[in-house]
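In what follows, subunit A forms one complex with subunit B and a second complex with subunit C.
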Partner chain A sequence: MSIFAVALDQPGRSVVMTGNEAVARGAIEAGVGYAACYPGSPTSEVLPTLAQLGDRFNIYAEFSSNEKVAIEGVAAASFAGVRSMTICKVDGFNVALDFATAVCYSGTRAGMVIMVGDDPSAHSSVKEEDCRFLARTANLPVLEPASVSEAKDVTRFAFELSEKIMLPVVVRCTTRICHASGNVTLGDLPTLEKKAAINRDQKFVTNVMFAPFMKSKLKNVAAMADTSTFNVYTGPENAQRVVIACGVSHTYAAEAVEMLGLGQSVGLVKITNTWPLPENFLLKYLKQAKEVVFAEEVDSFLEDGVMTLAAKHWEEVGQIRFYGKNSGDMGGPRGSYAGELDPDIVAGCLGKIFSAAYSAPGFTNVREARELVSSMPGRELALCAGCPHRASFWAIKTAVELDGRDAIVLGDIGCYTLGLMRTGYNLLQSVHCMGAGVGMASGLGKLDRFGFRQPVISVVGDSTFFHSVPPALINARYNQSNLLCVILDNETTAMTGHQPHPGRGVTATGKFSEKVEIENVLGGLGIPFTVHDPYDVEGSINVVYSLLQESGPRALILRRACALVAVKGHKKDRVYVDQEKCAGDECGCARFCSRVFACPANIWDSQSRKARIDEAVCNGCGVCASLCPRNAIVVERTV
Partner chain B sequence: MNSAVKGPEDLKKEVLDRNLCSSCGLCVGMCPYIKTVRDRAVMIHPCGLKEGNCYRVCPRTGVDARVMDNAVFGSERSDQALGFNRGVYFARALSPEKARAGQYGGVVTALTAFALEQGIISGAVMAGGSPSSPEPFLAKNEAGVTSCAGSKYTAVPTLTSLNRAARDGMENLGVVGRPCQVTAVRKGQQIGRENPGSLTFAGSAGLVIGLFCFWSLNPDFYGFLREKSGGSAIQRVDIPIEGLTLTTAGGTATWPVDEIRPYIREACQSCIDCTSEWADLSVGSTEYDPAWNTLVVRSGAGQSLVNDAVEKGIIEIKSYPEERLPILRKAVLNKKMRVLEGSGGPGAGYITVGDYAGEVKKQWEVLQ
Partner chain C sequence: MGEFREPLNVIVTGVGGQGNVLASQVLAAAAVEAGYRVSIGETFGASQRGGSVMSHVRISREKTYGPLIPKGHAHLIVGFEPLETLRILMDYGSPGTSVVMNNRPNYPIGCLLGEEKYPEPASIVEAINKLIKENYVLSATELAKEAGNPMSTNMVLTGALSGSGLLPFDTGFFTGVIENLFAGEIRELNIRAFQKGVEAVRELAMKK
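Let's look at the complex of A and B:
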């Protein structure tokens, strides 16, 4: 239904879609012709939506090997006169930033939009980061939609704005916009012909002398923002108490003001142009305000910007007391600088600031609810049943212990980041950003002159490998650093939703593409490598152990398809525990399968006091069977 | 045996961390937490249990010699040098192939193959591979047994194969092993008798053939072998009184014993069992005539296997030369006294001799 809604040619009709789909629809209405992305939550679904509708609306959509390559391709399309868009999460925008800080000097031609997803509370990230600071560093305007419906309208407008000012425009969405569903009023579908060409006399060059021109473009954006209908004030005339909010926080603030019954005294300013700010529009409300509260997520970007404005115009605005992240007055249980807001948090904060009575919504049957919660089985963050990474981690852990020299295991970004936790036997000692583990390993591998004797292992995924590992490996080879790079190849970009990558043999649109073989890349780099199946745990232990005994840069590919992909469309092998053979608590394994190996499908039957397989969860990999010391786990192959 | 309430943490503290592991291999495979690498057992994950069979079966966590004598033979020893036995002989295989393949008289190879053929055992856990890269091996037929012929001198953790074979459902397995391995198997069998079902392999160990062993070498010896052989395949390693003898396609070379002393495992310095005192049969060199082995017949099962083998012309035996026996006994008692009276080195006393001690000393003094 949703893809159908996105493609619907019924202007004026209101349909339900997600924020990510709304962004895709906005881009389609704007006549986007080229879209490129490296997947990253919360924005992963935008590109596949465009890819699915690529034939219908004449859009080229690709998964790129990383965000820098994506933004470069997208800018090139803009130079050639085709409206274009790249989509990333804020972490990806860091990767693209080098280019972004250059393209603002050269300028663009056809409308170019950079949709960035920020992830307050880091639901699917390792950290929170505010992309608006990056956009400001790159001299790119930022627009922030406050609702799903606005996500569509703002995206569509961003293309027009970009084309007008000849700069890429950043559309910042947060998780609650991207993943929420809401009504979107459809606009016209494009009729523009898309044609790509670059005249020989056109140039797109980065040079510092273009700085004044670039800055004047931003001044223009600020001037346009003053009259933009996206920036809205609601509330009484001459409100002395003003809440300035952006994005979904604006919706929370509106709810909070209503909950507190402050509608008559508190004014609410919604800012969509968070950079550069609509100066005159804001001044009007600052002049009358005595108290200003900011509601925004991740960092104090809006707050800093408005306070700078107030300082600049201090003679006109007079004394104002500001409340926000800086003052520590706006934030949830984790404080001002971590965690999402929600209507209750904002209401709680406003209640305190404005001395308005606020009682958090009460719950009935609290005690019963608590009891119920405590009786629920605990579910920690864990790798899926049958995940090949679990087998790989057990093999690496075992080999490291056998080696006995306290090998360092460096992590990276992907499903296997869970290697930090119990599900990965707490194996990983570092996690930063994509590809960082290999670069760090390359550094550790050169510390021998300072007495560093510990073997170094860097664990990366296949998609991460293509994204950013080769430069670090080239460095390791060039400088002969001692490291073992273990590539956990599950043949997909699993964590963000099984998007294809260069090694998959298929593109974003499902078309065949010659695989880029990891082996060929490693071979070309002159890095010796071994390939092994992680489901063969004993064999993997031996391979990792023997590779640890070698020196120089070397690689191991532990290859096995993601268990969730492997079982799709196939009958799963049945795995069960032979209740006769399982010795229960008599066994020296001390409930190894359910307690230590801890695949979610390995469970302990507290009635029979024996191990059992949760057959609804089990994906039939059979790894636990190979590790059971009693041979009590039976795998019935279906083929 | 004061091991009733001890477990993996104690095993780690008392044995593994003190480098006293003899690499017998029996603790490996009973649980998923102990593995071996380069003749070393390593605990890869704390299982959290306070008690454990890993501690109980370990030949380095204590065994009372008198209790074990009674458990295995139903009788106590009178000979403190060679332990309980029904006779000590010179023996050799009658098949020329086996004699050639074997270290001296080929008795271990011949008897193991014979026991397999007779159906007394269903498989035999042995040290296979070459001396430079030996590995645990489960021989299921004569060819398998013959492939394991020849001494290895390093501490191959062969008993890992015992647990694996038992896990796969095999029973009546033969064991060919060093004294520490024989002790481990016997300790395990006792646990199995006391608490059936608590061990995977308990009850599956049938015939136990023990080897003479005054010490084994640590894994660095593999490097020594690689260096001395210059990379060419090693056909045979022997350590007679003259020194280390290495046979490759290029010929035979000898180095003084002192050159290999640094490779002796720490765990072996304080061991007082040189002849596998609780095996059904023990076999070693004669240090006298390379065509023959020394054969110590201990249990009734061992006796009947030897009788059958002699009758069927598998091996021949002859009485031990009278002038040689004191030499063998003196060598063994010397080592026992070194351990019992000397500082003993780390871990001395993991075999509790108790009131045997006085007897040991008496018998040793007689030979001085």
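Let's look at the complex of A and C:
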């Protein structure tokens, strides 16, 4: 919540911070010297926190062009003896995985931590994915904090563990830890000197021969986990009913046990070392248990691990009935393999399993209220008022209609993914992962021998462009694929909170850095390109239309700063509807501005039956004014 | 001064872009200044693009609670938008819940596209009044405009919550936090908006 709290030199003081800030504080306490990341929700705020405090604590912090480059830089710092950390969302860990699966063989030197953010319920992701399987594939231990306060302590410990076993350590946080806030007790700040050097005789090589050594490191982690104070049992002695939980699910389980009044009979095991598991610690409770329930999010990772452990020790543990994602007994309305948990879901599931009744306090007569609420279904995500992407999508949609050959429009990851939905005119036909649209366009652009005649458009953002588009464009250029790559350049990484990128001209610490120009990249690849302002909708339609008539790989940069960034610190232009000129439903435009153009600032006044602009929402772009058939929308420019 | 319950569960709800995340953070910081522990559960990211946004703030003395409030257990709801307020009240409230709310709708995109119809705001307030006893309804956006900018609606509602007497600590803890958090013109604007909220809710309380 505040950078001041993260920087405080007051050991023992309790301050409030977000989970992401707590991770940053843990890293600072551990003496981190090098941090690198490509932003991804829910972990985007960790790196900026370290960057802001870089001078104070002697930390180098960078936004890297992608996660693979980030983890490689971070490992190099570790090789040189500097504690280091990379931060990514699980999708980013996929990108970094090639390196992660290699570095476990060479090992590391100074403590190296990989913080991965999983996003159960995919609040700001296109999919749910469980990073723990990836970490296990990469032979890297996993620690999972169960609260904001533990996020700080676990991160700090992860550096020590990494240095002891000479392997990177994964700290898995979920959205409800990263974006939650809570009290954190500050530890002491580091005094250790940071010095980087690599001796000529030191080697960091990946070779399958080192597998036994690497596996023995992991055995060592499991042994240490058995006595770790992070793994905790609470509840009655000799409980025959045990709930095993990790991460934030542990707090839900604790509250659910209390709400159900099962505190006297149900034991609760909190596991922080979710891989490798603290086997002897767990066996103690498995031996006395008859029923075991698992509470964890995304996939059945902890459950699979504990069940395998129980199978290995079947003679000692005897018969146990297991309930979790595998059995379908732990999950919300979307089933046990989709959606996050919460205290109500866990209470409901535990109530069923342990035959304990639970009903939440609430209202008895809600018929009228329910009718009102159900008249309006949930809110759909929408592009912001004034978003340049809306203008770009309108131009592309119109040009595609004019062209008439059913052009395919492939999407990508960013705010413009909303082009799948109504405020982007349902224009996009695919979304997968960073840069995938251009790779797929490259494939579609080679299908002409099978009779494929439709033009192919791939839409990417500027940050996505730097992250992973050049390889696909090189491929398209090399193999002469027919595609139009439209780069929606809003000059920032908007979706994750406006972090800078290589084309921005500033680094993570706000220092000047010569822009990497998208034009120069395209020019260097030999791909012809055009640059246009999407707010000039007519002009953009013409450019897209004429580019659709050409063949080979080609690009269009539609450049206009994100409306949310553009209005900061400026007085907005006032946009209003001239009530004399607006003809309402008589116009024949079918309420173009509010119903068709779909900008949340363009509203319909049901009293006057005319269009209006919601001044609290409008960002003053004036694009609607250029499209109104009666020129009824007025833009009053502020000087 | 309001009664303290362990934990005191407050939900701040609205639509992405209304500034409700900041309001919940100011509330939490004020609670900490007043000597309490807090736990806030929220999500941000894609939700800033017009989706429903809700922050759970749990204020406690004995221990730090999990980030999410169980259904039916909210003591206070601060609603930035009428329909969202009703929606959250139905799920998280009970007859003892108190509400402080803005009466100005924020129309969902489906409504702007003419495919769904937003109910009359007055009927939403009426439905809420039938469910609970204590509901403070404010023209918060209008008050924010009077303070100088509709964007300060969040501080009007924060002021209303703080001045409502529903919390176990007083408005001074809030103004301290706001003064620390902002600078210059924005600080002045936010303090003005906050005071407007305090005054408006006190007037409503007098009438009751």
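Criterion: the second predicted complex is superposed on the first by the 622 of 639 C-alpha atoms of A that agree within 3 Å, B and C clash if a C-alpha of one lies under 4 Å from a C-alpha of the other, contacts with A are read in each partner's own complex, and residues count from 1 in each chain.
We adopt the following convention: a contact is a pair of C-beta atoms (placed from the backbone, for glycine too) under 8 Å apart; a residue touches a chain by one contact, two chains touch by 3 or more.
Small disclaimer: the values here were computed from a predicted structure and weren't measured.
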Report task. Have a look at subunit B and subunit C on subunit A after the superposition and call it: clash or fit. Result -> fit
Query raised in the report: Now for A:495: first (subunit B), second (subunit C), both, or neither, which partner does it touch?
Result: second
Requested in this report: Would you sort A:583 into first (subunit B), second (subunit C), both or neither based on which partner it touches?
Outcome: first
Query raised in the report: After the superposition on chain A, what angle is formed at the C-alpha centre of subunit A by the C-alpha centres of subunit B and subunit C, rounded to the nearest 10 degrees?
Result: 90
Query - First, second, both or neither for A:515, with subunit B first and subunit C second - result: neither
Report task. For A:446, decide between first (touching subunit B), second (touching subunit C), both and neither. Result -> neither
Requested in this report: Using the touch definition from the top, say if A:124 reaches subunit B (first), subunit C (second), both or neither.
Outcome: second
Requested in this report: Using the touch definition from the top, say if A:418 reaches subunit B (first), subunit C (second), both or neither.
Outcome: second
**Report entry** Partner touching more residues of subunit A, whether subunit B or subunit C
**Finding:** C
Query raised in the report: Smallest separation in Å between any Cα of subunit B and any Cα of subunit C in the superposed model?
Result: 11
Query raised in the report: On subunit A, what residues does subunit B touch that subunit C touches as well?
Result: none
**Report entry** subunit C-touching residues of subunit A, taken from the complex the two chains share
**Finding:** 1-2, 14-16, 41-42, 44, 123-124, 147-149, 175-177, 179-183, 248, 251-252, 254-255, 259, 342-344, 347, 360-363, 365-366, 368-370, 372-373, 375-384, 415, 418, 422-423, 495-497, 591, 594-595, 598, 600, 602-604, 615-617
Requested in this report: Would you mind writing out the residues of subunit A in touch with subunit B in their complex?
Outcome: 397-398, 401-404, 425, 541, 545, 583, 586-590, 592, 596-597, 627-631
**Report entry** subunit A partner contacts - residues on subunit B that touch it in the complex
**Finding:** 29-33, 35, 37, 42-45, 47-49, 52-54, 163, 167-169, 197-198, 200
**Report entry** Residues of subunit C defined as touching subunit A within the complex
**Finding:** 15, 17, 25, 28-29, 32, 37-47, 49-52, 64-73, 83, 86-87, 89-90, 93-95, 106-114, 116-119, 123-124, 127-128, 130-131, 141, 150-151, 153, 181
